[in-house]
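Here's a structure for you.
Which chain is which? They are A, B, C, D, E and F, in the order written, and residues in each are numbered from 1.
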Amino acid sequence: MRGLIVGRFQPFHLGHLSAVKEILQQCDQVVIAIGSAQYSHTKENPFTASERYEMIHRTCEYEGISDRALIVPVTDINQNALWVAHVRATVPEFRVIYTNNPLTMRLFGEAGYEVRQTRMYSRERYCGSLIREQMINGGHWEQNVPEVVVERIREIRGVERIRAIFNLSKDISQ
Amino acid sequence: MRGLIVGRFQPFHLGHLSAVKEILQQCDQVVIAIGSAQYSHTKENPFTASERYEMIHRTCEYEGISDRALIVPVTDINQNALWVAHVRATVPEFRVIYTNNPLTMRLFGEAGYEVRQTRMYSRERYCGSLIREQMINGGHWEQNVPEVVVERIREIRGVERIRAIFNLSKDISQ
Amino acid sequence: MRGLIVGRFQPFHLGHLSAVKEILQQCDQVVIAIGSAQYSHTKENPFTASERYEMIHRTCEYEGISDRALIVPVTDINQNALWVAHVRATVPEFRVIYTNNPLTMRLFGEAGYEVRQTRMYSRERYCGSLIREQMINGGHWEQNVPEVVVERIREIRGVERIRAIFNLSKDISQ
Amino acid sequence: MRGLIVGRFQPFHLGHLSAVKEILQQCDQVVIAIGSAQYSHTKENPFTASERYEMIHRTCEYEGISDRALIVPVTDINQNALWVAHVRATVPEFRVIYTNNPLTMRLFGEAGYEVRQTRMYSRERYCGSLIREQMINGGHWEQNVPEVVVERIREIRGVERIRAIFNLSKDISQ
Amino acid sequence: MRGLIVGRFQPFHLGHLSAVKEILQQCDQVVIAIGSAQYSHTKENPFTASERYEMIHRTCEYEGISDRALIVPVTDINQNALWVAHVRATVPEFRVIYTNNPLTMRLFGEAGYEVRQTRMYSRERYCGSLIREQMINGGHWEQNVPEVVVERIREIRGVERIRAIFNLSKDISQ
Amino acid sequence: MRGLIVGRFQPFHLGHLSAVKEILQQCDQVVIAIGSAQYSHTKENPFTASERYEMIHRTCEYEGISDRALIVPVTDINQNALWVAHVRATVPEFRVIYTNNPLTMRLFGEAGYEVRQTRMYSRERYCGSLIREQMINGGHWEQNVPEVVVERIREIRGVERIRAIFNLSKDISQ
């Protein structure tokens, strides 16, 4: 049996990893759908799908679960009524979807899927927007993401990119 | 002669109904264009075009005006300069447009259409965003929409959907 | 109960009208979805959704069935896997789909809809592409479409438009 | 007064140049709209908008008419009913459109523009698709385009590109 | 050598003109890319690409630099990772990009382009969003844009348009 | 080092498998990009990205190479000039691209990538369009695809789907 988890993974953090491991206790394989795949270089979506794929792939290899994790970028189509059909046509077959997002719960629920929630591993710490803020403010973001992700973010100079984007947003628009 | 009214109808409320009746006093038929047709399951646009069509159709049947009302979903194209051409290519021919929206007035006015305003029937009460808030907060939204619309929203469990979406928006983003 | 029929209606001809009447013998109402709604001024799709809506609406009025016919333009999204979800989100609720098109049969069948075929009323005569050719070659196309559609096509000088487009296609491309 | 000419200019050839000069005999300035701007590297559209802009700009400089020629790339939107509005919103104001294309004549004519035809300077010779074929087959394409365009096509190794694309099209698809 | 400057030019103001002149001290020609070309009639983007092209073109003619300025509308594609490739495929070849925008600096820098900053000519005065506010509030916006731009904005009744859009935004949404 | 192979994999056949194995003799890992990911249920693209992902994943598991194969659906963007940037932003980092397609060779070559060709394993037999024809005509298509792919195609009744689509294409269009 396969379970699906959908996220933006900006970046992939320890909360995401916990959820993946939790799913693998209940399912043979996990499909990890990288949402909003076409976006990058924005405050909400700093990393490309390529970079996020790499972060997740390396983490799965490091954790020894790469043969049970199927990673798939999924573009946003901005039409919620088509979202479930779009995900189904893109990622390999799955039976359960794991999510704590009320809209996703609703959309997949209405489509007849079994929806399960994942436990919340200190959501205050493991939260994408907080981690991105820590990157901007010089906080200890490294504590909240897997080591191989820290490494990858350094290779692509991700913190500098987020700061450049953040300055942009504060800036008076032309 | 046909008059056009464009709205998002999220949901179709008594103010909309008043405007439709007012137009039918001046025109033989009314074209009701459901704008932002492709959106749904968001705070601003909770209902699908399908659901909004049904609300309007049932109301028109109930009011005995369905043979004079032509309902047409129109997708947003997000390019204002093409908007009038897009509406014209989608909905059946019309001669006057009724609107209180300054941008719509301007776009159709510049294109040479006769633009008329509708009277404002207690805009404080009959207002989509207020009705959506009443749905979230447990207010008496039912007073502000036609009975058959209340019925339809119950059938599709619309209030629950809006609350799910509202919780989502308040939520800390991943 | 409502039945759905999907077509491009380029133009709406007597075969389409027969199918609509057949559906109304089995259903209370018919939803007439105008497919490929965004296209016009091409050899395959000469008329706008607006013009096709008008043809169908006038025919339904003339036939006295306009209160039982719900006409809805539906844009192409060019992703077959999302097609059923897209139609469902756009047109008012329906229970059966009537079609003789193998792909449509398959897509709606896979989605769990009841699919019925309509009888074939002299398909050699009532066929959109043949009628368009008759328009180009000066054939008796008027015999194959409802009278009010003939009238409408004359009003918009539709035959001239098709000939202009046909010349274009034969032309050596720039 | 400004005249508009729309073309794909794949590549910009001597027939195009003649038309531009003819327009400048009747108008103060010519707006040269590069259509299908987003396409490149296909059999019908081998060159990018950037490359086509360069070809036209260099030719106008060489001919001493660059101060009277306004070059503007225009993307295809694939909805003919919106085409005129799209062109109008993109290129600087113009009063007459020059074209020999029946569809363009019709669309701008319906929109109320004055449409003029340009004389046909040996259309057998100055024709984009023939010139592209000459490039593939080793014919004397250089005779049919301005010298500075020949030069530019050599710089970007355009003939090799067209041949690569042509081989592709002949190839058995995967 | 050519330098590229990208802006939305809503409207083209004296700060933009200074930057263009500065670039022309360093380069033979300047490519002026009009970004967000498809948008208009919004608070952030009131003017069409057509209108902005005209403002810039007239200013360049007035300043006697029109033979050294290549104006090109560029649509937004809303995918930052493709932005540089998109600009390159649309505008004529350039070697240096001039920008003070941190994201643009980063994207073009990563792609290997030489990025230069322009001096900031009283950014408090020459700033698109402030000028648009002055238009709304009856401030002296005319001091901050070239005279021919003032003239053009009057011709198209641009101030009235911005006010109509501004009223819309303040308005309670339907 | 990683090598990239791009294909539509309609379906994934023994020629594709040979190419993948060949790449794995030269590289540590292979990135398998499923092109035209958004299309399905057409003659050229019968299977969804989901189904193609499954075919490839099962084959890699069967062959014991799933830990070295990174499968990624990539949507078509229909703008060749942006194609390389789009692939780079979607799939995990790679150093060499393997292809026999002249256009792909050209686009990646121009972008500075090392391009290698794969040996042609009886291209007459292992060819997507021939295999699809065999499915339609009752030929021995099973010989040309991996066993687990045969199995998968049977599970989803793929041959029947292709026949339905083929009948459609032969059919007189409405």
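Quick note on the criterion: a contact is a pair of C-beta atoms (placed from the backbone, for glycine too) under 8 Å apart; a residue touches a chain by one contact, two chains touch by 3 or more.
Predicted model, so just to flag it, every value in this text is computed and none were measured.
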Neighbouring chains shared between chain B and chain D, ordered by label: C, E
Same-site or different-site touching of chain C by its copy chain F, using the half cut: different
Winner on C-beta contact pairs when E-F is weighed against A-B: A-B
Distance between chain centroids, defined by C-alpha means - chain B, chain F (Å): 45
Centroid distance [mean C-alpha coordinates] between chain E and chain D, Å: 26
Inter-centroid spacing, chain E versus chain B (mean Cα positions, whole Å): 36
Two or more partner chains touched - positions in chain D: 38, 40, 48, 79, 81, 88-89
Full enumeration of touching chain pairs: A-B, A-C, A-E, A-F, B-C, B-D, B-E, C-D, C-F, D-E, D-F, E-F
Chain E residues within the chain F interface of the complex: 77, 79, 81-82, 84-86, 88-89
Chain C-facing residues of chain D, complex: 7-8, 10, 44, 78-81, 101-103, 105-107, 123, 127-130
Interface residues, chain D side, partner chain F - complex: 38-42, 48, 161, 164-165, 167-168, 171-174
In the complex with chain F, residue positions of chain A that touch it: 37-38, 40, 48-50, 53-54, 57, 66-67, 70-73, 75, 88-93
